[in-house]
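In what comes next, chain A is part of two complexes: it sits with chain B in the first one and with chain C in the second one.
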Partner chain A sequence: MTATEIRPAGKASLPAGRGRTRRGGMTRYVLARVARLLSIIAGVTFISFFLLKLTPGDPVATALGPEATPEQVERLRASLGLDRPAWEQYLDWLGGVLHGDFGTTLTQPSRPVGGELAARLPVTLQLIALTIVLSLAISIPLAVWSAHRAGRTFDRAVSSVLYGLVALPGFVAALLLVLVFVFHADAARTAGLAVAGAALAMTVVAALRSRRARSSPLPPLIGGGAVAAVGLAVYALLPDFPRQGFVPLGEGVGANLTSVALPVIALTFVDIAVFTRLLRGDMITELAKPHVLASRAKGMSTAHVLLRESLRPSMFSLITVVGLTIGQLIGGTIIVEHIFRLPGVGSLLVASVRNGDHPVVQAAIFVIATVYVTVNSLIDIAYAYLDPRVRQVNS
Partner chain B sequence: MPSGTDSTTDLLVVRGLRTTLRTPRGPLAVVDGADLRVPRRTTVGVVGESGSGKTMFARSLMNLLPAGAEVTAEELTFDDRELDPRRPPHRHFWGTEISMVFQDPMTALNPVRTVGAQICDPLRVHQGMGRGVARRRAAELLGHVGIPAPWSRLDQYPHELSGGMRQRVMIAVAISCEPKLLVADEPTTGLDVTVQRQILALLRRLKDEHGMAMLLISHDIALLADEVDQVGVMYAGQVVEHTDVAQIRGKAVRHRYTRALLQAHPDVNAPARTRLESIPGGPPDLLAMPEGCRFAARCEHAREICRATAPQPTRDPRTGAAFTCHFPHEPAEELV
Partner chain C sequence: MTVQPTKAPGPRLPGFVRGWLPLLLGGALVGTALSTPMVLPVVRLALAVLGLAFAYAGAARLLRARFGPDFDPGLWLGVAWLVLIVLAAATADLLPLPESLDPSKALTEPTYAAPSAAHLLGTDQYGLDILGQIVHGARVSLIVGLGGVLIGGTIGTLLGLTASYLRGRVDGVVGWGTDVLLSFPPLVLLMALAAVLEPRTRNICLALGILVIPSFVRLSRAAGLKVAGQPFVLMARALGATRRRILFREILPNILPSVLSYALLVVAILIVAEASLSFLGLSIQRPQPTWGNMIAEAEAKFQTHPFLLAPAVPLFLTVYSINRIGDFLRAGKDGG
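Then we have the complex of A and B:
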């Protein structure tokens, strides 16, 4: 049993020293989470190990090819310990994992599985991290401002664009991006300049008009300025994106980023749409609550009301979905990995399943399960950080 | 109007306040020509049924309204300055000139921020205090509103406090920047009776100590009778009677609606088995307001003129009370 359940629960046990108890509650909460996390990972490896045993075909024979003699197959099987009972093999494998040893690939020439994964994992993790960070960086400001201006021009414009994005699957977005930014990069630059010019002209007209109408010229100035800035950036700064391939971070940050930029952008489209819609909705609900009115009555600024009072309690659904999205992306980047020929975990997993390379599949499942469970535990911990009431329920 | 009505003694003067909300059924005048004066250092109670517009009246004073609401007024003067009712005041006005205590202490505090942070907000924004100074002042304020061990409360979250404690915190926030007018909108809703009395006593004490004026909004006329100096009675978006609390206590009110309200309240000293009066019907639909007196349909004294013409504000020469009624109640009737 964890320490959590032995200690009496509830606030009755809390002494006067508030700061320390609160942090103590948090630590216990985190420890309980970690214990649960380890048991889930162990369960996943157990089930996947025996499921792989049930798959048809002899992986050893497949690995050695049709020309191998039965003696060769037997010898390899014995040297891999595959002639022993399945539960012994599992314990062996688990023992190896605890020492950081994932065995060797069945595919000849045989290499350490750990090394294979270590080469692939950074690519996938970088894709996921950049996708999530970029999506959040775009969707949080959009959602906050949309919620503040719910039903008005900005909100409606953002909503229409997002409905378009959410209908665009990742692989279509990827192909479109390649078409525009790789094969017609010069046309894209020219279009950027044209858009910037048009936006500037429209901004001037709109600003003059709003001055005549005695309303603030700021909204058209900011909106038009932003569009023009993006257009100019496309014109002046658009790098030459490689059609495919991955440049490791070690060979230069710039080259690395341009090699992953298009795949990441393709992956963000749907996420931006989903995150923004979700947060906007929750934020509108939050802004209607009495404590927001009370905060305005205190004379707090709009920025304070939006960011300090409303954003945090509105984030629950968002971070839940972010966690699920990360889990989905570990295996789900496969299509984009394929289009851009990125050496990620997704493509390794598919190839290994096809070749019946069980040690690699087993290790990949272990890694994916670990990342998935870790991320979702972090999300659970984030709930407690976001809402003090969760801490009390859990401790 | 009670004695002493020249303009400089009035902190707040409202004349012809009209607030319309945008609704799917069209513009809705939730406050429709309300007049009220709040003298300095005085507590004025506003009483009315739910839907009478008392909360919207209070929020209109600060233009703290939902999107799409429009406020107009013939006159809105605060502290001898004209305010523009149509747009929100500068935000440094909120909290420092007028501040507000809200109906439900359970929801009016942010659940994910510590009590200390929420008290420090106005101190830091309006008075430019640093983090440490604001925190010290916040602890002082908590002590001032009667919260024991204030320093340890600063790091607590609202859900760790009782309802009464939370309302005390709200009050600490409201008085933190020494406002001239404190608007308390049903400050004791959802609190048990003992705590209600404590909160009202606290408000009274703070009002006296800080020389504030107070606008106390309630649906309970008996509760107001114990707490305030003057009472404004709201009905269907208008203040139908504004009188000294002495008239309320002595049941010497003039408007038929106020009279009916008082009779609808149980009296502990009444003989056993006395039938409790009630006011028949409900308030009129704000979208289909009658031509004449808005109370006519429910008034047992209503005659033809009541249904045809709206009564004009009248002043009782003896008490100074202002009321709008064609056939006002004559307190002498009682004495006969």
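Then we have the complex of A and C:
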């Protein structure tokens, strides 16, 4: 009874009788999910703990450096409890975690691991939040219009661009953004101006054509205007992005946003593709349904049909995937944090794996996996609450 | 009717002009971009991209006119690219490329040389040829992608198949293990495995294989459940077929098509995963070139030497091609 398979694939009509009769079932379902969640987190920590034990090389000797005497190594080893059996160490560690104690770092000078993580979590969380908001802001309009124009030029163009975005690995995207917007910012501004000019010219041509064809000139005007506005904004407003580094929110919102802008854009590429494809597919299914046809027959406006009649019921699976993406991003920001030298959990993890700082690696994996599993379980529970069929299948 | 921005409204041009014109224009643009070294690199890059776009549009139109409107040039471009890269990777040692593996043999070559006739994509910090390294890196990427899928796909499919047929406790244990593995963010699990295993091609294959086991378990379990309820399976049981016969002769052949078309997409995912791991310096080490570790080395210098990022292009094209072909195969299977 895993998380995904009980999820209904489509949004067939909900069975009648959803309500208070199955309260007990719901409670039992939530309890079962929580128990499973805990067992999975225990499994993750167990595996990562023993994987790290298998790592070649002595982390203590590495941490103390080549000049440490064997006695010093032995003393640190004993004080960390590393001379005892592995399963005892694991239980100790687990007990510490239950009290909120993650131990201390091996890298000298040693600091509490919990504090290290707590200092870095906000950076990663900010990246995630901005990535989700930006991806949704871009992909929802794209998906709605693609679904409306399914099979036409706009739809085909969007879908080929999305193929490109999916095939662009995160680190390549990040480096390309640096190349364009940091190293060649002036060229990017000029290109923005050129794009704006071309978009305006194309808009005028397309609007004239649509008038000749007696169709509404509004869509080309809106689309071309939007592209031109983006191009002009790039020309006029493009700030100087830093190559690397992070400015905390306390030192100014503008500086903070410019320091995370490129990493966030690099992260959005894949998410935009995933969200747009999903929502486009669901919208196309929804647009073919009788209630949309009825609404069109009544002469409702395109905007009403798209936004009120079909977008709202199509959001169901998008919301789920957004939830899953939040969970995945907590471990997915590693690459951009590394490239842009952002002090988040991911860059801490990379540095600790390289230094062999096992307590930090262990704690970071614990935090990342816990957030991921918890988010997934919350989605499942929300699903069960919204769709009673899930509960019945499961209990 | 499509909106042609470059064409004013008026009588339509004959078909062959509408195809050949952009094709030739695109070729001319790419040629200009390649042959004018004094212009800014960014401008040349923009010209080349624009030229390629034009050439693609023109060629697509010509091919559609020749082979019918359903012809998908992107798909065939993907097939052509994959054939090319596989051939290049297989014959890497035979190709007449400048020294690209041993720095001690490239001591007389210029370092950080821009692309030229002698070094088509330039040289790196040791004077090693970048094109040659890309070809050798392709070998690593393809072996790792295919090997990882082979390991993970075999184990995962067998586990999922068994779980789907036996149900009960086996299913519970397999499901729990799958959930645990899936709770590791992919790159984190890879990093943990890479820290334990010595970074060699075989071990990277193994790590990537472990990474994809759970998704194959889920896929084959779900597909197996569907097949196991079919009458012919019941029939086989009633006839007294052994468990092994039912699993491998009745159920497995029926879930294999969906597993295989999914496996192709996983190859692309694994190529990206290996490149990311390489980029972080946790996979195969220098001097053996991989696309990821070449890009990692380029990171320090690409402000002044953007051509060092060249391995990103084959990486992108390979992933793109595999995705296109994989989606095409899956769509065909769902439709028919």
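Keep this in mind: the second predicted complex is superposed on the first by the 300 of 395 C-alpha atoms of A that agree within 3 Å, B and C clash if a C-alpha of one lies under 4 Å from a C-alpha of the other, contacts with A are read in each partner's own complex, and residues count from 1 in each chain.
One rule holds in what follows: a residue touches a chain if its C-beta (ideal position, glycine included) is under 8 Å from a C-beta of that chain, and two chains touch if they have at least 3 such contacts.
Everything numeric in this text was worked out from a predicted model, so none of it was measured.
Peer 1: Pick one for A:153: touches chain B only (first), chain C only (second), both, or neither.
Peer 2: Second partner only.
Peer 1: Please name the chain, chain B or chain C, that touches the greater number of residues in chain A.
Peer 2: So, of the two partners, C touches more residues of chain A.
Peer 1: Touching A:87 in the superposition: chain B (first), chain C (second), both, neither?
Peer 2: A:87: touches no partner chain.
Peer 1: Is A:202 contacted by the first partner chain B, the second partner chain C, both or neither?
Peer 2: Only chain C is touched by A:202; chain B is not.
Peer 1: For A:313, select first, second, both or neither according to whether it touches chain B, chain C, the two together, or no partner.
Peer 2: In the superposition, A:313 contacts chain B only.
Peer 1: So chain A touches chain B in one structure and chain C in the other; where do those two contact lists coincide?
Peer 2: In chain A, no position sits in both the chain B and chain C interfaces.
Peer 1: If you look only at chain A, which of its residues touch chain C in the complex?
Peer 2: Checking each residue of chain A against chain C gives 1-5, 36, 39-41, 43-44, 47-48, 51-52, 54-56, 153, 160, 163-164, 166-172, 175-176, 179-180, 183-184, 187, 191, 198, 201-202, 205-206, 208-209, 212, 220, 328, 330-332, 334-335, 338-339, 349-350, 353-354, 356, 361, 364-365, 368-369, 372-373.
Peer 1: Taking the touch rule as given, give the residues of chain B at its contact with chain A in the complex, in rising order.
Peer 2: For chain B paired with chain A, touching residues are 62, 64, 91-96, 99-100, 102-104, 107-113, 121-122, 125-126, 149, 152, 155-157, 159-160, 170, 173.
Peer 1: Flag every residue of chain C that touches chain A in the complex, lowest number first.
Peer 2: Listed in rising order, the residues of chain C that touch chain A are 2-3, 5, 8-9, 40, 42-43, 46, 74, 175-180, 183-188, 191-196, 198, 218, 221-222, 268, 272, 275-276, 279-282, 292, 295, 298-299, 302-303, 306, 309, 312, 315-317, 319-320, 323-324.
Peer 1: For chain A, which residues are in contact with chain B within the complex?
Peer 2: Residue list for chain A touching chain B: 11, 16, 18-19, 22, 289-291, 293-301, 304, 308-309, 312-313, 386-389, 392.
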